[in-house]
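Please find the structures below.
You will see two complexes here that share chain A, one where it goes with chain B and one where it goes with chain C.
Showing the complex of A and B:
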């Protein structure tokens, strides 16, 4: 660890030390709202530091990259943490959460996500992944009086622990085959002529199992709907965006076009992507609960992202990164709206709760409709540009069938997204009026809406930035 | 010699782990796991990593397993009804595994006390290990420390009675 390394770590240090500071403050001064605002300010400070300060080194201790790519995701996940804290303000206060613990956990989770996105070594990857998974175990069960939350937390903990076991075994086998933790060099053990190729392949299979669990690819997706349903809405937002996006960000570094071992990995990833889109779509059709619907929708979206990863190259990787940003913004907004509707008794989740709600709360229901259209990929939203980029890259790399499957899944997805909109706007008013929402919630959701439309209409700036950092 | 002992220990570890995951009584399962951990510790010793072997015994077989036992006792998870079947069938496997491990240890001490037959190039002295851990992997140690902090915070938070309920009760 040199001074240059420390300087490059500055945003992470702000997040981690800030989280410890918030935690300690909360012990002596247990006020929920100021602590959450403080946490959001720390997250924003980290985001600005990462965006504006260009560190002297490109790599930190051989574990993490501190070039444009790493900084880009540090900014993104810090902003996600800030928005999550903003949507949690009233939610946390009404449920008597301990503000210090809550804000500290979310800040450290963002640090873990940023580290994972920037990892260039399996050690860094494992540490980053475990950092935010550990935080999420606690955050999911944070509402102690909610039995569903406890159940969700336990489910995620047990399955997550098994996945961690797979990850550790996989990394150990890849290390055995290659003799190095550095991802780029370790991947050469997968090459056609490599001495210990079967060992490396077994390691990669275990690694893929763990990754499949974390980003909920079919057949490792079974936990997703239950955990989303039980988790507090702001935490579910963090779970569906940061925890999945960070894994994919690391995979982009790892595979970068899949030069070695492509012959064996390609059919596997192809099948995973196809089955994920199919099963996710069919399960989403039958949901009567908005949070479960969003869970299955996130499963389908991970299938799309996998297509982009498989396509690889500058086009594919750029499309993946853009898609991650678009998906993050939209999902964070959607869960933010659910949180803003929540009352002390609980959150509105079932379609029954939303019946005719568009007439009582037209602004937020309209915003929700925009988010759902973006998830379905309707222009002029960010989701459209994201999907266009993915399918364009897929066709360019010869994955015509996969692109076709993706387009079909998107078409079917219109059905289940439109169902929510129909329930909100085209049925008689039956739902009870929900909470009016507070300034911070509306501001956070408004920012997400702005980003969704901006990325949909003028995606050029972000696309240019992504081309430069890749 | 080292190869034979390795295979004996590997089989013991596998068999003990198999017994561990098939036992209904959690206390029995813990005892089998301790057996398995001892066997793995000896394998580490054979491979020229005495430091890791010592930790395997002190941390895993010692600290972690004792914590397991404490929790089983505190939560009263151990079954209370009398098990069926002859008594020796319950303790014979444990005794067998323990004797094998003891025998291997004695054999190692008699034949190869310095573990010289292992792979000397990979022999890591505590000093070298410490340098690697706290210089090359210093950042990793810091991140893990933070994780442990939040694990403790989380366990405390989830396990504690909420403040409101305390006041009401």
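Showing the complex of A and C:
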């Protein structure tokens, strides 16, 4: 590995070394809040490095991209880590989390996500994916006194282990068929005339299964609501944004210009997208728990993103990347609000806990309403522009039926998002007041709100940036 | 046809149209943050709506009698998709702007004495005003869609938070119904833009540019259908009207006022400004079907209205019936009828708005809207009753009052287009007399009940009602100033050239 490679890897190194530093510091000086602030500062440092330093090389050792695309996601996931740490400050302190370990794990997870998003080789992809999955195994069950947390952790561990098995086996088969780990070249083994096409296809099917687990596509989504419900709210935010977004970021590189094997993969992805949107939507209708609702909502959103991926081309890939940003900002904010409401006894999760809360905590409930409208794709929010981009790409590539299904899912989804808003603002009986929230929590949520509205009204800058990096 | 000079004259450096949208939006934001200062919010809201009203009156007086596009603004917005921020004002939008500005001032005034979360209430009204004004001004389809949805969210909260009875049910029904239509429209917009981009290589959402898209008949029908459903849900035409009675009935007075006066008009406006010009062939072919729906709506809604026991519900159904007549006027597709329809959009806003306001006043005093319980108001509050009678007579189309002018123009035009339409429309007006007179009879006449004395109109209520009554009389006696601005745009629309001037005029 040359010096240039190391320089290109600088943001990731900052995250990983910073993670180690925070961990060691925590061992000698176990103070929760300063360690978490320190972790946030490290994440921001990584984000700024990635944003400002443009390395001369475009690839690192043939594993990862260090071009604009890779750096874009490094910035995004580092910012996500920083915001997650900000919303975790009080949450972690009240539950007596080990600050050093917690911050270190989140930073390391961000490094994994950044690597996965930038991967151009199956080895890099596997490394990145496993790095943050390992982190999440621990983080989900981080609150040891919470039985739901332990259950969620175990569930994610079992599902994750199975998915890892599929992933490794799928990669092995693709390698067998193509003789290379480089994703772009390995994909040629899927081509119509390729010698070992069936093997490659089996590999791709296993790969898809693993991906389906990670981003919770139906029928691999069953772990999602339980894990979201049991995980600490800030971790659930990280889980629903970074861990899924990074996988899709890698898929854009992989399938962005998918020409070979399209004939076989297209109907599969089409069906996955349709069934994910429909099943997710109808499951979400019956939820009485906000975190479970957000879990099913994330299932539906992954279905939308899949439409963009399927459409491909500049329009489709751009739509996917924009959608990931919009979805990340909104979901992080929504889970941040849940964290900011949490008390030592637990988090408010059930709709009952939010009854009439709009008048006790108007700013945060109003913000939550904006986030929910954004998830529903109502203007003027980031979610609307994202959905618009997806539908635009879908209609442009001739996926009219899929776009119609998406519209139908959006319409039904409005109903379950409205239910939360109704509970908060339109019920007569008021629930008990919740925690007033701290500065760092409100600042993190406020940033997400600002980004949601900014991207909804003036998305031009981000859209142009995405066009440039793709 | 010297329309180009008008545009250059209208393209002033100062964004006069953005001002219209921005004032209420900023006012709404400030109200949102001054949640604890009800008094300040009251005056702030009143002043911002009054400024918008003053501006629109100034535009109305300044541009009276000029054809073409009076004001025009165009800035790049989201260049990746060729989306521009384009606002334009012509005679049709001018009349609608005036109606919106006036209605929102009244909405603030009738809600003056509310107590529960008043700043947020006014914030919703102001946000809604911004959205509705945007709908009436937008000439870029994306921008139009944005405003179209933005105006629905405040109404959802207005009904759901501040409404009566089954408010949540009504609010959700309203929201889902309109969203269902508009999401289809979004797909239609995207498809149209992509087809246009395929033909010209230029991605644009500009209405004038998209009008030139060449569509195969089948595609045109699909796209027209997507737009049509969005608009006729909002109008609403039978059988897409079922959200309306619930929403109107459960909404607070200001909400009913905005729904009947403004939101229904956005549907009609969408037909006139967007659906018909973009898809002329399909639109022409669909007119007879729309006319049938409209006529069915006139009679069906009148019949249902006659059977209502709730005064507000009766007026809500009367709205559906009146709107049917306006759509019939559009379907006649000639100068007289379309002018009548657009004037009637204005009239209906004034008259039905006034009736909803008065039912609100009666409910405030009697604590009921039930026609069986109300009786003998004339003896208890003669001035209030006189106003009520006046607006009711206007609603049933008494000659000399505003609705008569619009209705007679529609009926003459419809008779020219198809005598049967004229005859059936005329019969519908007779039905209107039946339910309106029943409303009057049940409330005003009869022996007064035993409840204690009522206060007759308060000064604030005079301030609300007198201008409305004056307008009713003015349009009824001398409608020319209101017909003049729409004459030229209607003529251009019928010729299919409403955007021709803009096509040549935009950079």
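The rule is simple: the second predicted complex is superposed on the first by the 469 of 470 C-alpha atoms of A that agree within 3 Å, B and C clash if a C-alpha of one lies under 4 Å from a C-alpha of the other, contacts with A are read in each partner's own complex, and residues count from 1 in each chain.
Assume a contact is a pair of C-beta atoms (placed from the backbone, for glycine too) under 8 Å apart; a residue touches a chain by one contact, two chains touch by 3 or more.
In this text the structure is predicted, and so the values were computed from the model without any measurement.
Colleague: Which holds for A:463: it touches chain B only (first), chain C only (second), both, or neither?
Modeller: It touches chain C, and chain B stays clear.
Colleague: Does the superposition put A:418 against chain B (first), chain C (second), both, or neither?
Modeller: A:418 sits against chain C, while chain B stays out of touch.
Colleague: Is A:16 touching anything from chain B or chain C once the two structures are fitted on A? First, second, both or neither.
Modeller: After superposition on chain A, A:16 lies in contact with chain B alone.
Colleague: Quick check on the superposed pair: does A:410 touch chain B, chain C, both, or neither? Answer first, second, both or neither.
Modeller: second
Colleague: Per the contact definition in the header, classify A:48: touching chain B only (first), chain C only (second), both, or neither.
Modeller: A:48: touches no partner chain.
Colleague: Counting only touches as set out at the top, which of chain B and chain C does A:169 meet: first, second, both, neither?
Modeller: Neither partner.
Colleague: Once the complexes are superposed, what residues of chain A are shared between the chain B interface and the chain C interface?
Modeller: Of chain A, no residue contacts chain B in one complex and chain C in the other.
Colleague: Mind pulling up the chain A residues that touch chain C in the complex?
Modeller: Per the stated touch rule, the residues are 318, 359, 362, 366, 373, 378-380, 384-385, 388, 391-392, 395-396, 400, 403-404, 407, 410-411, 414-415, 418, 422, 425-426, 458-460, 463-464, 467.
Colleague: If you look only at chain B, which of its residues touch chain A in the complex?
Modeller: Those in contact with chain A are residues 135-140, 143-144, 146-147, 149-151, 153-154, 157-158, 162-164.
Colleague: Quick check: in the complex, which residue numbers of chain A touch chain B?
Modeller: Residue list for chain A touching chain B: 1, 5, 9, 16, 20, 23, 60-63, 96, 98, 101, 104-105, 108, 111, 115, 123-124, 127-128, 130-131, 134-135, 137-138, 141-142, 144-145, 153.
Colleague: Quick one: in the complex, what on chain C touches chain A?
Modeller: Contacts found on chain C: 32, 35, 77-81, 117, 145-146, 149-150, 153, 156-157, 160-161, 167-168, 171-172, 175-176, 179-180, 183-184, 186-187, 190-191, 193-194.
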